[in-house]
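Below is one structure, written out as structure tokens, with a few remarks after it.
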Amino acid sequence: MKSEALRWIVFFPLIGAALNGLLIRSKNPYLSGAIGTLAAFASFFTSLIIFSQNGFSTHITDFLFTWFSTGNIKVDFALEVTAVTSVMLLVITGIGGLIHTYAVSYMSHDESPWRFFAYLNLFLAAMLTLVLSQNLVGVFLGWEGVGLCSYLLIGYWYKENKNTEAGMKAFVTNRIGDLGFLVALFIAIRDFGTLNISEILAFVSGPQAAALGSTSLLIFAAGIFWASTGKSAQIPLYVWLPDAMAGPTPVSALIHAATMVTSGVFVSLRLWPIFEGQAQLLEVILVIGLSTAWLAALIALTQRDIKKVLAYSTVSQLGFMFAALGIGAPVAAFFHVVTHACFKALLFLGAGSVIHGMHEKQDLLEMGGLQKKMPLTHGTFLVGTLAIIGFPLTSGFFSKDLILEKAFVKSPVVYFLLLGAALLTAFYMLRAYSLAFWGKPRTKEAEHAHESHWLMTVPLGILALLSVVVGFFEVPDILGGIHKFTEWVNLSWIGWTPQLGGGTAEAHHLSHLAEWLLVLFTTGGSLGIAYLSWKKFGQIQAKSAVESNPGFFTRLSENKFYVDEIYGILFLKPLAFVARTGSKIVDHSLINGALHGIKDSLNLSGNVLALFHTGGVQTYTWYLVFVAALSICVAIFSGWGVL
Amino acid sequence: MENSLLLFLLWPFVTGLLLFLFPKKIPLLAQYSSLVFQIVWVLLFVWAIGPIWEELSVAGDGGGPRAFPVYFSWDWIPFLKSRFSLGLDGLNIPLLGLNVLLSLCLGFFSLNKKNLGPGYLGLFSILNGASVGSLLAADAFVFYCFWEFMLIPMYLLIGGWGSKNRVYASLKFFAFTMAGSLFMLAAILALAFQFDVASLGWHDLVATNFEFQGWGSVQGLLFLGFMLAFVVKIPVWPFHTWLPDAHTEAPTGASVILAGVLLKLGVYGIARWCLPLFPEASAAAAPTLMALGCVGIVMGAFAAWFQTDIKKMIAYSSVSHLGFMVLGLFALGVEALQGAFFQNIAHGLSTGALFLIFGIIYERTHSREISKYGGFAQEHAWLATSFILASMASIGLPGLPGFVGEFLILAGSFKTFPVYSLVALSGVLLGAIYMLGMLRRFAYGPVSELVKSHPVRVTWNEWASLVPLLLFMIYLGFGSQAILSKVEPAATQVLTYFR
Amino acid sequence: MELFSGLSVTQFHVGIGVLLFCIGVSGFLIRRSGLIALMCLELMLNGVNLCLVSFSNLHRNPEGASLVLFIVLVAAAEAAVALGLFVAIFRKVGTVSLDDLRSLKG
Amino acid sequence: MESSFFDSSVFTLGPNELQALFPLLWLCVGLVFSTLAAGFRLGIGFTRVLSFFVFVPFVGLLAIQLGNPPVAVMGTALEMNAFTRLVGCAVGILALLVSTFVTPTRNGVLHPEWLAILVVQVLGLTLLPGARDWVSFFVYLETLAITGYVMASLDTDREKSLEAGLKYLLTGAFGSGFFLMGAALFYGLTGTLDFELIASALKSVNSGPEKFMALSAAILIISSLSFKLALFPLHMWAPDVYQASPTAMAAMLSTATKISVFGALAGIWTLTGFSNFPELKQILIGLAGLSIVAGSLLAMAQKSLRRLFAYSGIVNAGFAALALAAGPFATGSMFAYLFIYSVSVVGIFALLERFSTQLGLEPHGDLKIENLPQIGRKFQGIFVGIFAFFVFSIAGIPPLPGFFGKYLILKDLWIGQEYFSAGLLILGTLLGLGFYLKILVPLYMNQDEPTDEIPQNKRVAKLWPTALATTLCVLAAIYALGGLSRLPRWVETVEIFAR
Amino acid sequence: MESVGSPNVVQIVLGFLTLVTALSVVLSKNPVVSAVNLMATLFLTGALYIGLGHFFMGAIQILIYAGAIAVLFVFIVMLLDLKPLSLTLPGRAVSIAGGVFVSLFLGLGLSVAAFRSSFGNQGAAEVESLASIASPSVISLQFLSKYHLPFQVAGLLIFATVMGVVVLGKPKKQLDQVEGK
């Protein structure tokens, strides 16, 4: 089915970006913000219309033009909506719209709000291209496009070198991942003969794929996964995300929490049938997801910057999602994407509100006792915190529980490992929450903190609501058994046999009792840890109370396990050394050195020859005699065999 | 057709000589006249290619490939077996268009510049003529004549209007390029007088079969002769060291044309002459040349990474990017070949724009040291934005033309030589590293003393020179098919010689 | 005299001519005075003349003798120009030593 | 001989011979007038006009006879064939060009005898390639040599000019001695001085002492003529002479002599059977190779422009010698090359004279490279451009005339399978860049240094001769270029001569 | 006089005297001595010509060469009042050695070329009498027939030479008087 409305989902933010960035360039934050927000919401409503009109029974496509086509590479600029996409669309445009609204106020004191909203709209356009594109090159276009916008937005306050460095780190790290994407594209061109996602899926299920052997498919999937570790901040490429917090907080909320970082999960999901067949790869994904979840959570335990805590929390949650993929539970992963988008956006915006109220102070230790100064923020932040730790009946509870349940089915070991990460989540989230909102104000800023503008609090409220409500699309059987979400998402793979991924289609069910036990164990553990954490951090009165004598582990964690430094020593410095000295030696010393040597020796020999030119007539004639005599003697004596 | 093509070729020569006669005291007169000449030239270009524009995307007779059509021929020196013949097809038309576009932009750029008098403009025009001539030539001897002649105006432009170290750079440029092309001269000579070819015309040469049994054999030697000229011009590693110097010292206009047209001629030359004439040798040399291309990609990027001189960095980025084109040429597949030709245009636009923008800035600040810049985005947002846009195009961001070229090259070469393609991929990453590193230090961060003390007011004509490039860049990012469809029949035709 | 009995008259005279030529050459090369160099030049030409005359004698051919006459003529002309130059140079520089006429070199 | 114009028992002169001699007779008439002019001590302007009166008809008369069949005048004394006439035309044109910019010496004094001497030299130059026996050859050779000695020292006011004349004379006379010894040995071996008879006698000389004697004789002659042609290492007089002689005379000596002597040597090579001995060819190629390499190296070390061009002349003589060694079929190319080269050099010398006048240096002064920046600063205009035209032309950049000359030689070397020689030529072209470009550097590449005003209005009146000469040289070079279509005919005529 | 067969005593003595005088041209310090020795050499060569039967050539040699040219040399030497220049100076050892070396080298080559060739055995000598080539009439007829053109050109050459010498010899003062403006 075709629909020209589809393109407008992308065009609205693009138009918004053009208006803001090129034409109007208004310094009035409300005008710029209005344009940006309207564009986002226009997309949202278009998505809604498409969503409501069509459901997900058929794929909706929209062909715009042929981008490039030669030989057997044919790339159209075409859009396509499947079930996964439409959910993602709503998340992106909906949460995006809310964050835009929030940002109008948040950025109201900025010098060039038009630039901010232009970037933000551009990001939306790219992100929407990513999810909508019919073929992988289009996905890649969006993939790199969001990378660019992320780069621009992280370095939005470009006057400070730190920010632009963080932006560059994000871009370059993502590029390392993108190489995998490109390899996957090349494999698709070479072996599958097409770049169209549906055609690839059809090809993979067809008879040619079997003839092709599994290596191509493995490399393809591995390439996509490698790209995802970059974009979705998994080990080993997660290092950029915490630094990305240098950007304005709405950016962190939109890009680095809710949408862009989940695009890795999204793309894997769209190509799930290929992943499904790669058992070894899934193992790898599981291991990586688990380790990321743990590592990030461990680091988050000791971070003092509220945004850093949330950033590592994001990495950790993304690890959960990948672990879910690794288990073979894509729907669970995607459900967590959606719920996470809601509550993490909420948390970030809340943090932004706090920072706003604290006059750009981000250190948790400098806050304290904000619950009275910023009640709305506090309330919504609490909802977000509860959601992320899996407080019963919040969205996080449902999505996390779904993953844990699948993990338990797969292997209890995986379950316990994931549970451990979840418990850590509970600990550090409550730590952050308590440090910020409980106890006594520890600095002047904290004492003078104020509640934010309604443009900021309203989105917070809506997001808080969403953080609770969204979970009810997928409720375990023991609590009533709603499987709306699974049904929707499964529609994406209609025509693909065997039917997979859904939570209901598992081979063996857990008994209800086991499920109950699991839920209680998980929730109880989380709440218990959360309580401990609250007890520990909720009453801190002075900064010094926390700062004193960090232990070995604390120091390790505070320093992020020295991962950046290790990367520097292992990769960056050797590469830079090779590049610098290599290019110097080869270009400067060898090639140019040889050339200059030739030039100098030519000049030198010219000057030496000139010395023979004494100016005396006898010298001149001597050479005549010499040449004649030599030639004659050589001719004669060689003719006689003497020479 | 004949007349318009000939007129198109002669126009820059005639106007160039005419410009020499303009009074030196009133540069404005020469500048505006030159601009008018350029505009007329653009019209001539449209007039010349108009009649065949539609046919270009159509395959040749019987659905077969489209051989190089010759539209003008004059028996000028029969006893040298040379006819003055000019042809047009999908391979050269895009490059001609790029040349015309860039020179029009530079026509605008040169306005109101006190030091760019009639001499500069005249040489410039003649340079255009020479490069267009070698693009159009359908005869090896004619090709060589134009090819070599190009050196003179370029040498004088770099040497006469360049910056401090210009003498060294111009000499190096001249000596390097000439050393390479003399081998081509020898090969052309051998073609003409050692073999029973009817003439040095492209069609006659292509119809001749040269025996290939290793590099000492006829075809091997001829191929090497031609290749040496082209690899120096492109330049392929390790023949590249002239380029950074030439680019760095050249005046803005010369840098733009050097990057936008001259280097491309090497790529064009290979596709036009080396591949169809010496298919076996080309196929045998392909792995080596692709390896050199890869080394160029990596080493160019490495060198660009740690440059302290912005123009030098851009130049080294060109070395890296041209490595991609070599890779594309010798992957010997239509995708990669198309990619190489598209990358020609893309790189011409993006690097041209980079040089142009930096030229505008350099004119005010007179410094190329990256470390002296900083926070330029605050000084002039539009210009900085343009610079960032061009950089992004240069590192192959999707949505800008560089991506399409690189993608096609890499995907195409992946089909035949996956290993090289994977090595070349590192160039994509390194490109981001050095470009963004430069951008970060140049455009972002606190405003430096230099930038503060040299305010940049961009004049209307500078915008007029820049905006078309940027617009084309943005257009080609998605409108790639407009060019690719024209190149395809010709590219396919080149590959028909590889059985 | 027996030493020369193996030689024909022509060979003897040609030998003398060649030796004269070589004496002239060596004199030209080793003497500093331009005038003496010029005299050595005359010696060289004289050696050539002797060869030519004896060859003319041998071949019974008058062309050699004609060439000798032309050589004499040209030698005279050269000597005249050279001596004129020497006078002019001597007036300017005060020497005709070739070692001192070395302002042009390199 | 029924209708002989002048009939006696001693010699006959038929109408054909008279007609063939007519241009030379016209020269004699010119000599009378120029002697009268000298006698009446007429001014420089008059002698310049007179030179046109002498040389224009001379060239014209030769040119209209170009197609006439060969005429043997008085037996072996002179063969007026197409090649002789061509050389005569070339030499006449050069003399004409040179006379246009003959300049008074330091005190405004010029010996009016210059024209008479020049006329006699042109006579000798024209006759030399037509000589068919050693006696005539010697007389013609000495005619051009002795007049050359006088011309070199014509600026009697300057010690350097006298020194140059003396050096030229001593070395030249010494060389003549060698030449004569060679001729004498030939005479002794064959009993004749006629080329044709010598050749037939040498045909049977294949081994033994006779061969060695023939070889020795030939070596003496070749080395003495190489001395005249200034091939390395027999070149050493040339830079001195070209540096210090009056400019116009230096131009004549460095160009016309080469054309004539090369023509004569080409004749000797085939007519007297030198070509029977491969050793001689090797010696010539060896000398040529040395000239090319060492000449280039030496030229790079020069500071004086005229010395530099002298060394450039040595390199170019090397190129021509390569053509000579290749065989008679290359004579046409050699001639074309030498003519184009000569015209360019005369143009360059005219420009050097002009520049030194403009800079207020003494007439016939020795322009140094370090003076050139001033020229570049002050007079960057049409003449500096023409200077570049000539320099690039000699350097062999297409499509300037010099390139075609070089290409023709290269072509003939290739056809003759002289690959080593061809390689030398290419190498020489490359090395040539080392000094040709060096000249242009200070002319074009010193723009930003401060300028100091040089009062030039006083001198404007004296600049027109060099302007005229330069213009004529450009026209001649372009004519030679345009005359490419006639080259086959030239080659044909030369082949008649070689038969 | 016999032209075939061995050289006679007179010829040998004259030949050696020629060489000795030639050597003393080269080796004497005083230019006047050199000039006089040159005159002697030229004279002795003339005698050798006569010994070969070329009376006319001998006469010309003695009259023009020895009589006119050599005298011209003496005259110029006197005019310029040249001081004796010693042959050997410390700095010139190399150039002298080099000069002598290459001359010997050349002499060796030429002598070998000349002496090893068999031109002594050609038959022309028996056929024609010496008078047929050596007489003044034969030679002068050549100047009027075969070598007429070179002869004429030689005239022009002399003419040009005269002009050249006039130019060179003209003292500067006179020049200024005539044309100085």
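Chains here go by letter, A, B, C, D and E, matching the order in which they are written, and residues are numbered from 1 within each.
The criterion applied here is as follows: a contact is a pair of C-beta atoms (placed from the backbone, for glycine too) under 8 Å apart; a residue touches a chain by one contact, two chains touch by 3 or more.
Note that this is a predicted model, so its numbers are computed, not measured.
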| item | value |
| --- | --- |
| Joint neighbours of chain D and chain B, given as chain labels | A |
| Central subunit by CA centre of mass proxy | B |
| Most distant chain from chain A by Cα centroid | E |
| Chain pair that, of all pairs, has the most C-beta pairs in contact | C-E |
| Centre-to-centre distance between chain C and chain B (centres being mean Cα positions), rounded to whole Å | 66 |
| Whole-Å gap separating chain C and chain D, where each centre is the average of the chain's CA atoms | 27 |
| Centre-to-centre distance between chain D and chain A (centres being mean Cα positions), rounded to whole Å | 78 |
| Separation of mean Cα positions, chain C and chain A [Å, integer] | 97 |
| Multi-partner residues of chain C (at least 2 other chains) | 10, 14, 18, 21, 24-25, 28-30, 34, 37-38, 55-56, 58-59, 61, 63, 66, 70, 74, 77, 81, 85-86, 88, 98, 101, 103-106 |
| Residues of chain D engaged with two or more neighbouring chains | 133, 135, 138-139, 142, 146, 149-150, 153, 156, 162, 166-167, 170, 174, 181, 185, 188, 191, 212, 215-216, 239-240, 301-302, 434 |
| For chain E, residues that touch 2 or more chains besides their own | 95, 98-99, 102-103, 106, 109-110, 112-114, 119, 122, 124, 146-147, 150, 154, 157, 161, 164, 168 |
| Chain-level touch network, classified as line, ring, star, complete or other | other |
| Chain pairs that touch, as defined at the top of this document | A-B, A-C, A-D, A-E, B-D, C-D, C-E, D-E |
| Chain A residues within the chain D interface of the complex | 599, 602-603, 605-607, 609-610, 613, 615, 617, 619-621, 623-624, 626-628, 631-632, 635-636, 639-640 |
| Chain E-touching residues of chain D, taken from the complex the two chains share | 10-11, 28, 31, 35, 38, 41, 73-78, 107-111, 113, 116-117, 120-121, 123-124, 127, 133, 135-136, 138-140, 142-143, 146-147, 149-150, 153-154, 156-157, 162, 181, 185, 188-189, 191, 209-210, 212-213, 215-217 |
| Chain E to chain A touching residues, read off their complex | 95, 98-99, 102-103, 105-106, 108-110, 112-113 |
| Chain D - residues contacting chain C, complex | 133-135, 138-139, 142, 146, 149-150, 153, 156, 159-160, 162-167, 169-170, 173-174, 176-177, 180-181, 183-185, 187-188, 191-193, 239-240, 243-244, 301-304, 307 |
| For the chain A and chain B complex, residues of the former touching the latter | 65-73, 77, 137, 140-141, 143-145, 148, 151, 155, 158-161, 164-165, 167-168, 171-172, 175-176, 178-179, 182-183, 185-186, 189-190, 576, 578-580, 582-584, 586-587, 590-592, 595 |
